Amino acid sequence: MYSVTVRGHMMIAHSLRGEVFGPAQQLHGATYVVDVEFRRADLDADGIVVDIGRAAESVNAVLGALSYRNLDDESAFVGRNTTTEFLARVVFDRVVAAIGNGALGDGGGAIESIKVTLHESHIAAAAYEGRVHGAI
Amino acid sequence: MYSVTVRGHMMIAHSLRGEVFGPAQQLHGATYVVDVEFRRADLDADGIVVDIGRAAESVNAVLGALSYRNLDDESAFVGRNTTTEFLARVVFDRVVAAIGNGALGDGGGAIESIKVTLHESHIAAAAYEGRVHGAI
Amino acid sequence: MYSVTVRGHMMIAHSLRGEVFGPAQQLHGATYVVDVEFRRADLDADGIVVDIGRAAESVNAVLGALSYRNLDDESAFVGRNTTTEFLARVVFDRVVAAIGNGALGDGGGAIESIKVTLHESHIAAAAYEGRVHGAI
Amino acid sequence: MYSVTVRGHMMIAHSLRGEVFGPAQQLHGATYVVDVEFRRADLDADGIVVDIGRAAESVNAVLGALSYRNLDDESAFVGRNTTTEFLARVVFDRVVAAIGNGALGDGGGAIESIKVTLHESHIAAAAYEGRVHGAI
Amino acid sequence: MYSVTVRGHMMIAHSLRGEVFGPAQQLHGATYVVDVEFRRADLDADGIVVDIGRAAESVNAVLGALSYRNLDDESAFVGRNTTTEFLARVVFDRVVAAIGNGALGDGGGAIESIKVTLHESHIAAAAYEGRVHGAI
Amino acid sequence: MYSVTVRGHMMIAHSLRGEVFGPAQQLHGATYVVDVEFRRADLDADGIVVDIGRAAESVNAVLGALSYRNLDDESAFVGRNTTTEFLARVVFDRVVAAIGNGALGDGGGAIESIKVTLHESHIAAAAYEGRVHGAI
């Protein structure tokens, strides 16, 4: 199995509902340093997993649409806790959707699975990984 | 698959028996920067893999019980080489036992697998990963 | 010159006023991974720059008083832009004040200068460094 | 599953053919920081996955044979794009061949799978992982 | 003293002349992960050292003009060894020139000194630091 | 000012005497990831601060003479606490002595100052920096 990973980041505000979150129930924020790993069994004719330039653009577009926002005000997340693991899934779903819309070109169809990791500090991270086809 | 990873560390002395270890047969020591990754298929009602505060406490309790010690003197390790890979398994087993004892609350039962990685320097690491149920 | 550096972090929400900030004028947030470096010319009788345990406690107390908050609502920062460089100075001032209050014990008086670095992502950081005596 | 990972690096020049590579079609270069992860189900009698000294030597020998070269001039790569993912496979194949030649001793035969990751910058990496037996 | 640091990277090919360079006399290449630190004594009215967006753009423009090239063919470097330390100075000089040309706006004039660090691998780096005024 | 930094590591056992050290009074150990930064005002005729190959060899020789040992048994350290900051000075002194003995060649004489940083974990480090001439 081959993979290519690109890194970006987003900076958001949010609050979390539920006693389990302790002080994180208050409005606060986070920088998420985000790694998106694209996987497929074989390389294409150019010898690549994916056009890394387009992959980076797609990831940055997904992160840009979330960054510099208060996620508590986003209609897409009403009634949901925007935990790190939940956001890993959001990024996964949106990258998969971008692939479906051709953002990675024809080669995007060969991507089998994706892992999205959000590093929220030097001591904590969360991730979601899944298959691309039938993922949403 | 979702995951949450927490990082801690321990500082220990030990020696290793066997020609393969070369100078590491002498009493020396190591800092292990330890990543413990908790995995499960779905998020709970709060939108999390695990209460990250309790997870960090559990990991730090396991590491604290090993840290600032000469592992050559620990009765638990008599006759064993406390290699990095062996210690990764020790941490895994003890975190799994803590889950069994309710350290992560009810949600701990949903953890399917755990990966424990010990970074011993900037150029070497070892890991153990396994399923939680039936692990010990 | 000797130094000891301890690392902690804080997670905050805020917004910044001024066209120069572009989308960061919106309410958003950040994780700051914070390095505090304590410097002095000579070691004490124990062979240390500072009791690293007390230093870490002091730094974490300073960071804890800022973390999990919306800095736009903090009375201490009314009328100020809580930029990364401004917050580096805030942490510096508060650590210096803690030293003045004896948080590092008698040895704290020997600390000559401090550098506080806030890493806001994998591609950006800000810092403030200054002398301890007469600093505030 | 246990694993041991060793890190090395290589510094190479190359160019890539195909419009997808944009400016990387020009002769340029890269430092690849390389992680090689060796995996097996059980530890040997010494409590290890592999003799980490021999593993590091083998990895460094493989990287040394590629480093400080213009890969466009290497007969082994005629007609191939030496992309990061392609080179991850090259390193994998050569480490597997070294194991076959006894570079890791008898214990090398117990290695089940290997993952080779090449970090080409702070924001991009590629990897190849596969089973050792029947790999080439 | 305050500072802001931005990170970028460049990927180049080159060779070095002189026995001291051993195998690096052959055409090879490197990824340089580059940190540029801007320093000044006081913050401006917005509470910043520099407009970090413009600073990042300026740094990336300087790095972009060097990246994806064979430095042996660059007329600017004829007769010079493009060592890591030499390139740190080149980046410093070009960032200083950009400031002189107004790339950082009026605030650029307040930058007192700059440090440029080039990380060429996980085990080696070089840097140049100097004052901005009268630097070239 | 130019600088070149090389990284190595050492793994040692030791104990520390004094209540301030808490559990670190027990025999334990550490991995120190060590950065040695060599500084000088100008580059030599080859365009370098120092022959990085010889610099790395010298640093590794110094670290090798400390590694895989119980520092409590070293005659050089009788009656001393081998704290991280103390060991940073030991490495500094030994690198300076190696320069005096010609380990870096003629160019070593041009090194003005050196900074030695020992990272003992992901959250703590200590350093010593000083001028080379008249340092011991």
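The first chain written gets the first letter, and so on, giving A, B, C, D, E and F; residue counts start at 1 in each chain.
Note that a contact is a pair of C-beta atoms (placed from the backbone, for glycine too) under 8 Å apart; a residue touches a chain by one contact, two chains touch by 3 or more.
Fair warning: this is a prediction, and the values are worked out from it, not measured in the lab.
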Equivalent interface positions on subunit C and subunit E, same or different at half: different
Farthest chain (mean CA position) relative to subunit D: C
C-F, D-E or B-F - pair sharing over half of the E-F contact pairs: C-F
Rounded Å distance between subunit B and subunit D, as computed from the means of their C-alpha atoms: 27
Distance from subunit E to subunit A - Cα centre to Cα centre, in angstrom: 31
Where subunit D touches two or more other chains, by residue: 7, 122-123
Parts of subunit B lying in touch with subunit F, wherever the complex brings them together: 7, 9, 11-14, 23-24, 26-33, 67-70, 120-123
Residues on subunit C engaged by subunit E in the complex (per definition of touch): 16, 18, 20-22, 80-86, 88-89, 122-130
Touching residues (chain side subunit A, partner subunit D) in the complex: 1-8, 43, 46-49, 51-53, 56
